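Think of it as A, B, C, D and E in the order they're written, each chain with its own count starting at 1.
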């Protein structure tokens, strides 16, 4: 009975307990405690992140002669840490005032906690998978568990969940095909067996496996062009659930892809496979997929008018950075990709939680219906500020560090276009997160929001802690880079040399301790200069320059709708909705096909087809 | 003319092609007719073709029926007899055919009583109306109706009648 | 430890130098504008007087804490950024960051400004910010392509290394002579990033009442004034470091800086203003094309 | 071993006498049927347990090639056990005026057992016809006008199928002069030509009507949506499987290593496409399940089209899985027989039924670790193992079909659990008694996956062994199964 | 269009079946089991009519299936047409005779047909004919009065009795063999002298059972169909 056994069993136990305790009023706190205990058990395995050997569970199952077993290495630990931390934060958030409110709104917070625990269990099972079969079992569990989370809200959520599950099933089928093919090649589902034959695979086989796995796991990640399900589905999930899903759920696809494509098949093979009639290798193609995954969803996010949708679309885009980083051969890139998983989870969770807090107080997430909340919810504003700086990848938050690593590796590898693509994505992110914070917290406060207060502490504390993480790991990225380096070692890819403050390399250093110190020193100087001037007088918000017109609170002049009108004038017509169109065309095609197939069954004459079948099959054999 | 004395090739033509022809005529009859009673008759023809084919399978030139009579009963000579197995099989399959046809006729009687028609197209239309009604879903046909101003084809008479009655 | 102390001293000293030089750059800008418009122009110390005047004003209107913080961030961000730009004799913390870092650090002032303006709840300000961010999206693309090309060419993102390489090889190894196309594109991007005509869409006094500055007065406007001088300094020094071999000594350094800055300023006062979409289109077309060609040259 | 004929004789005997029993005592008539089924199950289990190696029994005491023989192997006995079990579960206990239906059900039980056991081509045909006639009767038993019409249309297709099958048998007899499957196996070289294959095609089409093979399944949706749910469950769950099994027996024994399997593949793939896509657009549960069972049968056919043990293993697994899941789903439609839109919020009124639906749906889609997943995994593994383009195309179709299947099943699940704005919800509550039993079976299969898998593997290995079949029938050197197969070889995917 | 397709494919099917038939040569079928049966039937079964020995001996289970099918069809038919056996509603309709000539001849033919049917059944193992053929004649005998006197009721209880017991007898004979240690449906008793009435062991008994069963089933079927049509005729009036 080691820590891993304990963790998995406790997790299963939490699922059962929260499943039965749904109606309890204290179900939320119960679930939080259970998740906290799981975090403690995970910490018991913290040695993994500092070079301890992998932990194997002491139990295993054998099905149809195939053993399934579970183990934890540094990579699993890294992902599990993110999973459990974001789950704990979401759980605490949902346990307190928010849960009460949710119950009053007709929801079932106990069910939400159950879904949360189920998701955690499924993810831990996936992360702990020690062979292909347990990987797939975990994978499917994750898929269906997140469906449960998505459809909790009912209504439109059901529709989006359904859409998700169609994508997910398609992906699962692709993965299953790949696994079965591996099984036919090796006769087992063990990682080691596949790794052993991987070098002797033919190019065609490598391409097949890569495409199958990238498609299968990419669906969950929201890789282009399979990303359409994600934003809607996450946006409709109840707040804390969305924070959890947004933070980590999609990254499970990345994890599985890491194991299969990068660890087992290996990037070396992908680089050596040329795409015919082009100067791309298979790896380049995947990197371009990642690049488009960065750009298109980010710019789609810019157009969203619902805060949750905006964040969810960004979630898709950020996944592209992770994949792009991990597809890089040098340690900078892969470290950047892995670190971005952590960083992204930390700020995305807070962002969703802040938006949920705003919804909790105002009952809307429509960016055109909000504004000026900074005076009413200053702490929330601060946390959103910290986290959008992280999301946009601007120093001094942690998002910058991981993106810096990715940019650097792109420069080192000499990939200008991909570099441009990733920076364009960042710029788009800056634009849209400014829109988010401006339309929510800045500008004119609406009359109906006069009486709003800051959210209760039960909701505030998880946000505070997570945003502290965003800041601290930006200031001292070495903490995370230690874990990342161990994860790299576990993956068997080059390990990044790093320091507490960042990276030192002959071609350029990064020392976030200095940078942050100087930056805050600069702010101090700025403040000194500012406050050395004459004291300023606070005036009412409406007391401002309005072209000679006196404003009253009835005048709505918050500039929020179509925020980037000028830009949209130029690029607006590039939003063709091509993917939507493709998806709906596919839907119509299926509908048409199924109408056609049903026509056969609606034929008034039952025996005609028998005649046809008889004739044709005789023709097949005798003719 | 005694069939045994016929030219073997001509006999083969007659028997095999007769059997196959009956089968095809039967199937074609089922497919081409819209009257369900005629369909059952066509089915009987097809079955007859199948049975004929089965009987031919046991045929041997110059052989006699597999029954020991008169002289053979004394000698127990069975060497020049035709194959008895297909005959037994045909016996079975004829009876099966009778059973099926009886059931078919019973169903036809009921269908005619309930729907007032023997036309397969109308029977089908009425049945679909019933099924859709019991499932409380819109008639699937309505989705296929033309959208423009083109007049709709009137529904089968019996359908309309039933709809009026209820 | 001694080294650390020295670095700290440099970090303190470099923004001061930058501030002074920046003010002179503002002065040069005004003088050039005046000459082009056949005026005399302001006296030598005018920028100093302006700053002091703005800070000393009696009427200081604040729209809330974020309004103040925005200005602080705007100034503080540049103060920090200056320590990343090596000048003759002082490297500051340039080896801790590099050009990618610098590029992103200079976004902090813009973000601070944007926050401050947003808090003012004046739609003109918000429109200005929207336009400013749009133009940032426009000029940053050629800008980072140029950065990529230079970093790839010198094999480093460390400005000190870049400058050392250029100075060691003389004029022939300067960025401008080895990467002329990139240098032109960089100049374009530099010009656009300054927000001067014809790219001053976010100020647009006629349409949106000077945009972000609409609610700014007194020390708020003073902060922005300081920020502008830092901005001029940063842009020109960065350009000089990337393409003109940095400063061997203070004289050549200052000459190069002022010369670089003179070009866009002269152009600025000869051209009218673009519309937002025209700006985006223009900047995404020519400088990007040039920059990409330049990168292609660099990489081959 | 000989006592297994009781499984045919006893239900027939009781069915013949049931009217008379009814006339003397109504209570006796009510309990006789279930009693007989229990005896059948008991007898099948006894023989199953005693069976060490396949056995052939000669009916009438005439040795196999001449007389009719029954082939008793584990697969046949498994089916012989399942038949009475399933019938017991779906027996019309609560109805009063159903004497004739009970009679027909007993006849169906006898015929099904016979079909599972028979080792003679014409005997298979006879039992198949008995099943047909019984199922016509059951289809019409509802006494609705629409069920008469549906039953008639069913009868028409089935009747033509009969003619085709008879023609096929006649062709085979003309070619080989024998009807015994084992002897056909010995003479399979005579059948491996266009003539023999045409005969197989005709038999396949004939029997395929019951097996819901693609173009011959126009009746499926009509009959299932007009007949009672128990009948639908029985037809979809049991009868179709038995028809498939008969086809597979003929294919394995008489058509080894020929392109006849390819035909199964083609029909299977077409069936998958047609079934699943039609189900996608179905607007009520009954028809949805009817179409979906066409698709599932297509998958089963696809599995059996893979030659060798792998295909047989996959096919049996898929078959048993579908045999458990589909009847349960049909039972749902007893109360939930209206359009899918009207099911909104049904989960609140009958939470257990909704939960069971989700369970079955997930298993049907193939979500691990439910049994359906392993069955599908076996199927895919078999398809990939063939490593030819045709089978890869089939694999692609299977994948797409699974996605479509997931879509429509989960659509229902989401509908069930979404909030309802209707007031007349009382009828939405669904009964769950028998369904729960099916769920228990499914879940216990999940728990005993490993022993079950190895057992099924042995069954598959045994029934895909053609030489063993022939040896058994001619009673040459009967040897235990495990000596033929490598006993140490573990069951594996 | 549909007809055209159907015709086209029918033509195709016909052509293909012809092609198949062309490959056979008539009268040259390989008689594997046929020859074996011809050789052994006399000493194994002892019936003069070898077809009978196949029908009731070698393939007795087929015959059992066959009468089961008839029984099923009859049951299903009565299920479809309604429950005459349960309620005697048919008897309420008025009996009337369609002319005295018809009536008289029916009364004349009835015993003749009955005798002929029974004769054919009993001699099934000796002469062409047997349970099925005789059974049909029996059914005809019972059906004739229905034709002549529409509305006349038929004794359904009796039919049920006969069909139940005759079917049961067939199975019981088979089971007797099973429980006496032989195979199911194995012919019992001594073969006797071939060609004699009391020969071929239990075959004649089986054939009697089959004959009665077939006769009863067909009578029931016909009566049901006739009943419903006369019923419908009543309703129309």
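By definition in this document, a residue touches a chain if its C-beta (ideal position, glycine included) is under 8 Å from a C-beta of that chain, and two chains touch if they have at least 3 such contacts.
Keep in mind it's a predicted model, so treat the numbers as computed, not measured.
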Problem - Topological distance between chain A and chain B, in contact steps - result: 1
Exercise for the section: Any chance you could name the chains that touch chain B and chain E both? Expected result: A, D
Problem - Farthest-lying chain, centroid of Cα atoms versus that of chain E - result: C
Problem - Distance-maximising chain from chain D - centres being C-alpha averages - result: C
Exercise for the section: Based on C-beta pairs in contact, work out which chain pair has the most and send it over. Expected result: A-C
Practice task
Averaging only over C-alpha atoms, locate the centres of chain D and chain E and give their separation in whole Å.
Solution key: 31
Fill in the blank from the handout: The distance between the C-alpha centres of chain A and chain C, rounded to whole Å, is 35
Practice task
Averaged over CA atoms, how far is the centre of chain C from the centre of chain E? Could you give it in whole Å?
Solution key: 106
Practice task
Report the inter-chain centroid distance for chain A and chain D in whole angstrom, where each centroid is the mean of the CA atoms.
Solution key: 45
Problem - For chain C, residues contacting two or more additional chains - result: none
Fill in the blank from the handout: Flagged in chain A as touching 2+ other chains are 595, 598, 605, 607-608, 610-612, 614, 618, 622
Exercise for the section: Going through chain B residue by residue, note those that touch at least 2 other chains and give them in order. Expected result: 23, 27-28, 30-31, 56-57, 83, 85-86, 89, 92, 96, 99-100, 103, 107, 110, 124, 140
Practice task
Give the pairs of chains that touch; include all such pairs.
Solution key: A-B, A-C, A-D, A-E, B-D, B-E, D-E
Handout entry: chain A partner contacts - residues on chain D that touch it in the complex
Key = 153-154, 156-157, 160-161, 164, 194-195, 197-198, 200-202, 204-205, 209, 214-221, 259, 263, 273-274, 277-278, 280-282, 291, 362, 365, 367-369, 373-374, 376-378, 380-381, 383-385, 387, 395, 398-399, 402-404, 406-407, 410-411, 414-415, 417-419, 449-450, 453-454, 490-493
Handout entry: chain E-facing residues of chain B, complex
Key = 8, 11-12, 15-17, 19-21, 23-24, 27-28, 31-32, 56-61, 65-69, 73, 76, 78-79, 81, 83-89, 91-92, 94-96, 98-100, 102-103, 105-107, 109-110, 113
Completion exercise
The answer for chain B against chain D in the complex is residues 23, 26-27, 30, 36, 39-40, 43, 46-47, 49-51, 53-54, 56-57, 83, 85-86, 89, 92-93, 96, 99-100, 103-104, 107-108, 110-111, 114-115, 123-124, 126-127, 130-131, 134-138, 140
Handout entry: chain A residues within the chain D interface of the complex
Key = 62-66, 136-137, 140-141, 144, 147, 151, 154-155, 158-159, 161-162, 165-166, 169-170, 173-174, 176-177, 180-181, 183-184, 590-591, 593-595, 597-598, 600-601, 603, 606-607, 609-610, 612-614, 617-618, 620-622
Exercise for the section: Going by the contact rule at the top, pick out the chain E residues touching chain D in the complex. Expected result: 16-17, 20, 23-24, 29-37, 40, 44, 57-62, 64-66, 68-69, 71-73, 75-76, 78-80, 83, 85-86, 157, 160-161, 163-165, 167-168, 171-172, 174-175, 177-178, 182-187
